[in-house]
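The same chain A turns up in both complexes below, where it pairs with chain B and then with chain C.
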Partner chain A sequence: MNALLAELIKLKRSLSWPVVVLLPLALVVSAVVNTLVSGQPLEDGWATLWLRSLVFGGLFPLALGVGTLASLVWRVEHRGNNWNVLMSGPTPTWRIVVAKGIVVAGLSAAMQVLLHLAVLVMGEVLGLPGGMPVAYLGISALIMIACVPLAVLQSGLSMVLRSFAAPIAVALVGSGISIMLLMAGLDAALVSPYGLFSRTTQLGTGTFLDDGSTSAIDVVMILSLSVGLTAGLLAATTWFINRRDTHA
Partner chain B sequence: MSYIVTTENLTKRYRDRTVVDGVDLRVPTGCVYGFLGPNGAGKSTTLKMVLSLIRPTSGAVQVLGQPMTRQTRRDLLGRIGSLIEAPPGYAHLTGAENMRLVQRLLGLEDAQVEHAVRTVRMNDQMDKKVGHYSLGMKQRLGIAMALARRPELLVLDEPSNGLDPAGIEEMRELLRGLAEDGVTVMVSSHLLGEIDKTATVLGILSGGRMIFQGTRDELFAASTPDVLLDCSAPERAQAVLSRIGPATLEGSAVRLAGPGNRAVAGAVAALVGDGIGVHGVRRDEQTLEDVFAELTSGGGL
Partner chain C sequence: MTSATVKGFTNEFAKMRQLGVVPVGSALLLGVLGLTMIAALGDPSFAEPRTRSWLPMLGGMSMGVALMSPLMLAVLASRQVDIEHQGQGWLLSATSGLTPGQVCRAKLVALGAVVAMITIATNVIILGVGLALGVPAPPPVGHWLAAVSGALLVSLVLLALHVVLAAKVENQLVGLGIGVLGTLFAAFASGLPTWLAHLAPWGYYALTRAAEYQGESVVLLLPSWPSLLGLAVVGGVVFALVTGRLDRQEV
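Then we have the complex of A and B:
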């Protein structure tokens, strides 16, 4: 808890906030622009706007966004002597790893909330028929949960690799491979945080592996994979950092 | 004597290069331990092993009476303040925010933080962003961060690096004050002058090996100063003495490098035998600087 409170101070004046705000806006605006350019109307109203914002975002842009947030949050730790301070304090490594994971997952969740709101506002502005389906609230919540292992993985990569760009590149490659597996209809993609996240953004849309209806089995599977992957990745990062020497 | 830090045969190898070689540290509780050595001697590497920031290739570290390992380090580190190599701090936050961060992380009282900030005389700078601090201010903030937890042991790696003479003097006073408060301070430097007057115990590292460890007095005692011979024909005297050992001309005197008593007697006899008048034989005044230079260039006592 102490470690988490300390992390919150570091978010002051952080460059993470512009990313949290701008990426969702960019996704919704580009969904509308694509619609105008392609000349294909939002034939299914809300569902089409959701699909063009969320599912597209889930293919790779959101993963890159989470990767960028993680790199921003870790960048300050790799500056000056901050890493040595982190490693020569009494806070156990696992707490540092968990606190950073929570911060990145929290920022990512804030991004999802804004994306949800941006779709809502844009739909109203465009005068889409009926209200936004209530089920989307549940799907947004699931997306936030499925984003946790992704956030923990990216946080771990940024912690270990000490580079800003490399973890983001890993996110791009990881997302690409996962999309190919999903397109090929392979459930195996779900054991990767990138695949699990993409899959969850597709819930209820009938794209890729999704059949358009969200079953309890889907939900349970997403929840349990999220929990399992998160625990595994936290443990792996802690183990790795505890064994490694500080860099020169 | 009780020791707050001891190491046994502490060694670190990078590939086939031995950077720290069988070091046995003995840091008495309550002292200011000056850890000296030229750049690249292995001071930072040793201190990082003491803090378990890096793991020894072989050998062991004991701190505060317990083995320092990856399993025990987080428990011990709460009682140790440290500042290794460069000053820490989050540049996008103010000094006060950086201190609040430490306070939350370690669950400290306001008074502890205030005391630490006052100790390093940074009270007027706390609302500035650390990114705008001078190096000296960053260094002092780093020490305040290390001090806030009221450590029993403070490990400072070259804290005077980049400071101006006034800053260095201030650092000396700070260290003395801490020692008076009962904190054991381990401070490294590649310049003897920086810690000469503050340190009560010295450890000298050269090429990864500990070449001296003890008090200032012991260091003086352990090395033999040069002898100056004042004589009537210095040039001829130098020629005579050069046959016995290294002798250099110095004004109207000849300098013999670190001779023992018997060698001095021999030298005088040789000069007299050659008909040269000897009217003065004296040991050179040696500064600690000389001893240090001699040790670290020649290697070993």
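Then we have the complex of A and C:
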């Protein structure tokens, strides 16, 4: 618990907040600008706006955002003498790993909340017919859960790689490869946190891998994969850092 | 070039050995190749060997460059410059005769050479794949070279932007964040009106597209050179001014 409290204190002056706010806004605004200049209306109202913001974001920009957040959260530990202080303190490694993972996942969840709100506000401003479908609340919640393994993976990468930029490059490549494999019909690529996250952002939209109907099986699969991947990645990160050290 | 600047240039290559330039560069190369092949295989005319053409591949190549480059260039520049902040490299170089501005110029030339090599390698591989797949028509060499040189020019301007950004702003979030937003802009730019694409350097990738769909068929395009020339002049002048100022600042 103390490790988590320490992380929350570090967040107070963190540069993470601009990322959390700016990325969702950029996604929704670019979806709307794109719609306006292309001259194609939002033919399906809320569904089209959701699709152009969320599903596009889920292809790679949101994964880059999570990667950036993880790099920011770990950057301070790689500066000056902080790494030695962190590793030589009395806090067990797994607590540090879990605390950092919770913080990155929490920031990512905040990003999703803002994205949801931005779509809602933008839809109301554009005067889309009817209210925003209630089912989107559930999908947003699932996206936040599916984002946890991604956050833990990026947190682990940013812990091991001292560079700020390298883990973000991994996120772009990882997202690209996962989507390619999933599109090629290889469902096993869902064990990649990038693939799982992309797949979840497409729920209910009928695009890419989604057939438009969200079944209980999909939900159970996403939940169980999220839990399993999170546990596995946390264990792997802890195991790694207990035996190895970071390098540039 | 004086011997000091030549030394600065070769030093940058020595620094690259520890900076993961090979994985990042390979990611750029493989990403562009992958998107090229996805675009080609997604075109129905490509399935049949007799109707196969270079155009979907060229269009895919342009799209891949626009999608992959903004972030990968930001990563390359950020890593190459961040070590100077981390290890007090500015001061070390300055005391051994290379001002920060000269270091930045050496970094741009060195990284530019790497990006140019990646670009050449990517396109040679695409040419090889096309020949191996037995595309019947001869490759449209003129249009191809023009599009590749145009896109390379845009990449070099972006690289210059990211080098000075990473040097001036120590927090690498800023450069990477701009790279992410640039990716978004580049992804949308081909759908924007041309004047809007001119507003930010990432949009210029859209002006270098080798081919695009007009209705059902793909047509070859030539880059709009006046716009690209304008971008190069503005980018070059800004880079010269900023690195010139770095030369006269205390480290």
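Convention: the second predicted complex is superposed on the first by the 244 of 248 C-alpha atoms of A that agree within 3 Å, B and C clash if a C-alpha of one lies under 4 Å from a C-alpha of the other, contacts with A are read in each partner's own complex, and residues count from 1 in each chain.
Throughout what follows, a residue touches a chain if its C-beta (ideal position, glycine included) is under 8 Å from a C-beta of that chain, and two chains touch if they have at least 3 such contacts.
What you are looking at is a predicted structure, and each value in this text was computed from that prediction instead of being measured.
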Chain B versus chain C as contact partner of A:N34, first or second or both or neither: second
First, second, both or neither for A:P90, with chain B first and chain C second: first
Contacts of A:P61 with chain B and chain C, given as first, second, both or neither: second
Touching partner for A:K10 - first (chain B), second (chain C), both, neither: first
Touched partner set for A:R243, first chain B, second chain C, both or neither: first
Which superposed partner A:L22 touches (first chain B, second chain C, both, neither): second
Which of chain B and chain C A:L72 touches, first, second, both or neither: second
Touched partner set for A:A169, first chain B, second chain C, both or neither: second
Complex contacts: residues of chain C adjacent to chain A: 18, 20, 23-24, 27, 30-31, 34, 38, 68, 71-72, 74-75, 78-79, 82, 171-173, 176-177, 180-181, 183-185, 188, 191-193, 196
Of all residues in chain A, those that touch chain B in their complex: 2-3, 5-6, 9-10, 12-14, 76, 79-82, 84-85, 87-93, 242-243, 245-246
Residues of chain A that touch chain C when the two form their complex: 15, 18-19, 22-23, 26-27, 30, 33-34, 37-38, 60-61, 64-65, 68, 71-72, 163-166, 168-169, 172-173, 176, 180, 248
Sites on chain B touched by chain A in the complex: 48, 51-55, 70, 74-75, 77-78, 80, 82-93, 97, 100-102, 104-107, 138, 142, 145, 149
